[in-house]
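Chain IDs A, B, C, D, E and F follow the sequence of writing; residue 1 opens each chain.
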């Protein structure tokens, strides 16, 4: 791994970032053709948060949060820090003090594929965090890694300056180049969903709305009453 | 797998279903001779819900929610939809739109051995869900499965028309044939538990209430002071 | 395993126990030289609790809570019951009735490397529990184990009379001999942390506060602009 | 759970059982419409075995192998013992002595959703075992369960007298009623597979043999050269 | 996800690929600055294989191997097929027939972050496979994905035409641009390792060979006899 | 954690160590009252090895093998190195070079609750290893830990100078003080087992040999024919 800190990273326009946030992870993930989701392993420390920010990335050695400190310096308002390790690690690499530091720089939240601690304090601060673990286990500051290089988190790629979107459904990454178009597609999708919601609430079936009956027929699905089925098993 | 949708499934009398609900999963599980629990993998999306309903089952291909749509049509008021996949899957196969559809049909909740999404929206709607995962990852509608066949969920068997009971302790299945008797046994157990609770709150020990001292003696359990024990180790 | 119940176990002075509690797990873990944390597998049933108590230990057979009953008798006010099994087990070995019994003896909470049930009722009672699982699956009372012997829980050793400290960050064990000194070190650390918090909130960087720039330099970390880095990759 | 030992269980004709074995798990699973596979958690202790037998089932308490002893008595030549527990357990519930006992009764192998021990000795004996774990941890004989009731193993249902088929791909269950037809379908499938194997070995593509090109087209799959694709990303 | 099959992918020169293979995964991973390892989840089906090949990538829907068939057509001699799914999947997506097809095209092996089946037959064929699971569970061919796009496998990025190296230590990816230099660094490292091996075999300690004593001293490591240590604990 | 290397650790007499080895883990575990097993997570890299040695312990930071080098110096012939980390870690902390070093000092094998690499080379050398993972991922030498302090491995305590016994069933620890008596008990158990084996091979049932029929009766186990049972379910 090249030991490097990349500065002056181009970000996604904050207007675009802010426009993406309210659609939420599930909708934007669909709007992007079902891409960008960072897996089921990153869970919110708090409930009910929904945020978006520009990714600043930190790649750390396991059990070592040195590069988080180096990353803090690269953060600007509207950023969201994304941390991962070179091998799986559950240690509490981030806590209240680092959250204080990030907040003072205008950072909106943290996504970390490792552990965090000071959970009660983070909740009190209202600093939103998505992590792979909660652990009080402390870390050292001994081994260098990298800041603002592309990283793999939760099976997806995050590049510095991409938009990170996170809520109760988890975390996703919207590539910088796709963010503006993503807003438009998400909006269109949202409108369609609203119409669908009204139809379903009114009693229309998904089978009819999405025209699925022919598919069931083509696949040879039989409809039998429970009585017919029970008989057929004897 | 036979591709089939079974209709007109006999349900458990809703009066019986409604009588079971307030006892909760742990008590009814005991009342049924410690059977029917569907394992530790199904966790509530919300906290504090306690519901019961008649099982409508859907067996889906992994990453494919086609049969959930087919199952919705088979649901009637008082039902509870139970979904599983032919192999392990964490995808978000169910979200707010399907919940809207189920609610419009009088369905009481969802149990799914796979993932769900729109967690914030489901909480807002107050639609109770127990799932094996949370994931924004979308699914296709391409491959048929089955509706209202017996399924294995969380290591237990669920047959359509059985009673599903779910709360913060997880999910259990009460076979239709055992439900009415289950209400009576649960009630009897509840009464015994109330007496026990009062006794224990008053200071009686479980050792005495359940007459466990002879068992400890028969198994050769020694009582030693810490001092005697420390000495014996030298 | 020797089948034994150890009585008259020396405890840590409750004044010391009570002095440790408010510092929380993460801080005391640091104050003890990053030792004593009982791993990421023990999670709180409730949110926001922070307690400390003297360990009473119970070692059970899997699926068997006989020794929890034997342990209850050994509990005195200010204790905290610590339960583990001879092999991994998720069963609901503890519920509302045992909590009622413990509470009547002045016990402050439960740590169990197995499952618990009656989660809704435990929350209602306000009885704090940290467990490895939630399960309604019932257990038997058939096989003896040991009470108040040293046990391994979450990869750490707990001896009866040690201080158990638990909050949203998990659970830790402070050896009885180290508890009084631990209070002093935790206090000193807390004071230093307050100064650090103020500095970071004011905009000082961790890189400067902890003097990490020389370390980055010694490890050969390069600083490059995004433009320089992009160029270097071609 | 009803504490019961069921005797005189009807078995599948051994001629049918023996005819199924050589086709192997993957082929018979396909021949049965992709049903009956008992999941990825049951792995062979030895490599290269491929056997079939009539299921005798034992349902045990975790950490307790009493009912395995009760099940041995119900075994007859051509049987295969299937063991599971009422909750997850990794203990070494079965070893060389029980294998000796089973072998003396003509039992062909063991499938256990728990742990086994004496692995070196079992390999030496050539007694085939599929298990969920290897563990030296010993068990007690204290709590009754059931023998020859239907059990859920690896997410599938096994009824006494069903055919269990096991090889390096894992374990599957063929319902007694489907076994004879299964032989015929497996044979037909095997023949088709041989023709396919020859065609593929000769260079025909699966795309052509299974006529998949129209499907790719219908789904809108584009074919681009790497150069075109690279260009399209700018 | 863009549904696309990329053709005419530039490969790494086979001379370079073949030169990398004998160094093995651990050595080449070190030679590349400890990068490129694809995690502990990909295990060899056979023991003792050590191969290298050019990556052809296939991204499939879970439970669906349609794109493996599309990928086979893109394979040329010296390639190694790399398969992953859009969400975690254990199904047996690959077996003997696909191996026959790959072999007829000169493909050297398979890496799949999902399941495989026909393990006995694959071993007999001597076709090397690294997979995340073994499963007989069959898959459908219904949903399109992509061939020869960059994929994330085991937490690392694989681009078509990169070198995949695999042995008993797992799988790694060497970016095409780094492969030639990787051979030289690996060779240099191998030579150094041989000298080290001889020194260590002759009794020199790693502490001396790597000059670690000053580091231990700087970190404040004390050397105490067991007697002194025991005393210090009282 | 106290940073310390303990020297001159008293060992178990090698005659005793060598006498324990042939009994194997399962038998000695039983002989010690079912204690000392180090869990299902430590698996042999090779098959068929069965060894015993005196524990030398190393406690490392995750991703850092510095203290393994410090531990090597403390090893003497007949030792077995036991390594763990302060938090879970899968990195390849040990490989062929360290094995060469250990072998030159007469060390008999390695037990490591983390990863190893150079698996093919270790097998070729015939150096026996039990590990929690296989990983090519390299580690640093930057952070001090401890050598020859008591450690928790696989949920059990290992003290330097204890006997470590390992075979295909996993790993166990025999406390130094219990080792000599352990040999005698293991021998007695082995003799009993031989008699039991002969009896079971001759057709005696475990139900009779262990006198389990009264226990089944006391627990209320019913014996029913399949016909009676089927009838009773209607």
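By definition in this document, a residue touches a chain if its C-beta (ideal position, glycine included) is under 8 Å from a C-beta of that chain, and two chains touch if they have at least 3 such contacts.
Because the structure is a prediction, the values reported are computed rather than measured.
**Student:** Chains shared as neighbours by chain B and chain E?
**Tutor:** Joint contacts, listed by label: A, D.
**Student:** Can you report the angle of the rotation that maps chain A onto chain B, using C-alpha atoms only, to the nearest 5 degrees?
**Tutor:** Nearest-5 rotation angle for the superposition: 120 degrees.
**Student:** Roughly how far is chain D from chain E, centre to centre by C-alpha average, rounded to an integer in Å?
**Tutor:** Centre separation, chain D to chain E: 29 Å.
**Student:** Just curious, how far off is chain D from chain C if you go by their C-alpha centres, in Å?
**Tutor:** 41
**Student:** Among the residues of chain F, which ones contact at least 2 other chains?
**Tutor:** As it turns out, chain F has residues touching two or more other chains at 2, 34, 86, 90, 135, 137, 142-143.
**Student:** Can you name every chain pair that touches?
**Tutor:** Pairs satisfying the touch definition: A-B, A-C, A-E, A-F, B-C, B-D, B-E, C-D, C-F, D-E, D-F, E-F.
**Student:** Flag every residue of chain A that touches chain B in the complex, lowest number first.
**Tutor:** 24-26, 29-30, 34, 37, 39-40, 43, 47-48, 50, 167-170, 172, 193, 196-197, 200-203, 205-207, 210, 212, 215-216, 219-227, 229
**Student:** For a test of understanding, state which residues of chain C touch chain F in their complex under the given definition.
**Tutor:** Listed in rising order, the residues are 1-2, 33-35, 86, 150, 152, 155-157.
**Student:** Mind listing the chain D positions that touch chain F in their complex?
**Tutor:** Its residues touching chain F are 2-10, 66, 68-70, 72-73, 90, 92, 95-98, 100-101, 103-105, 115, 117-120, 123, 133-138, 141-144, 148-149, 160.
**Student:** Can you tell me which positions in chain C touch chain D when the two form their complex?
**Tutor:** 61-64, 86-91, 135, 137, 140, 142-143
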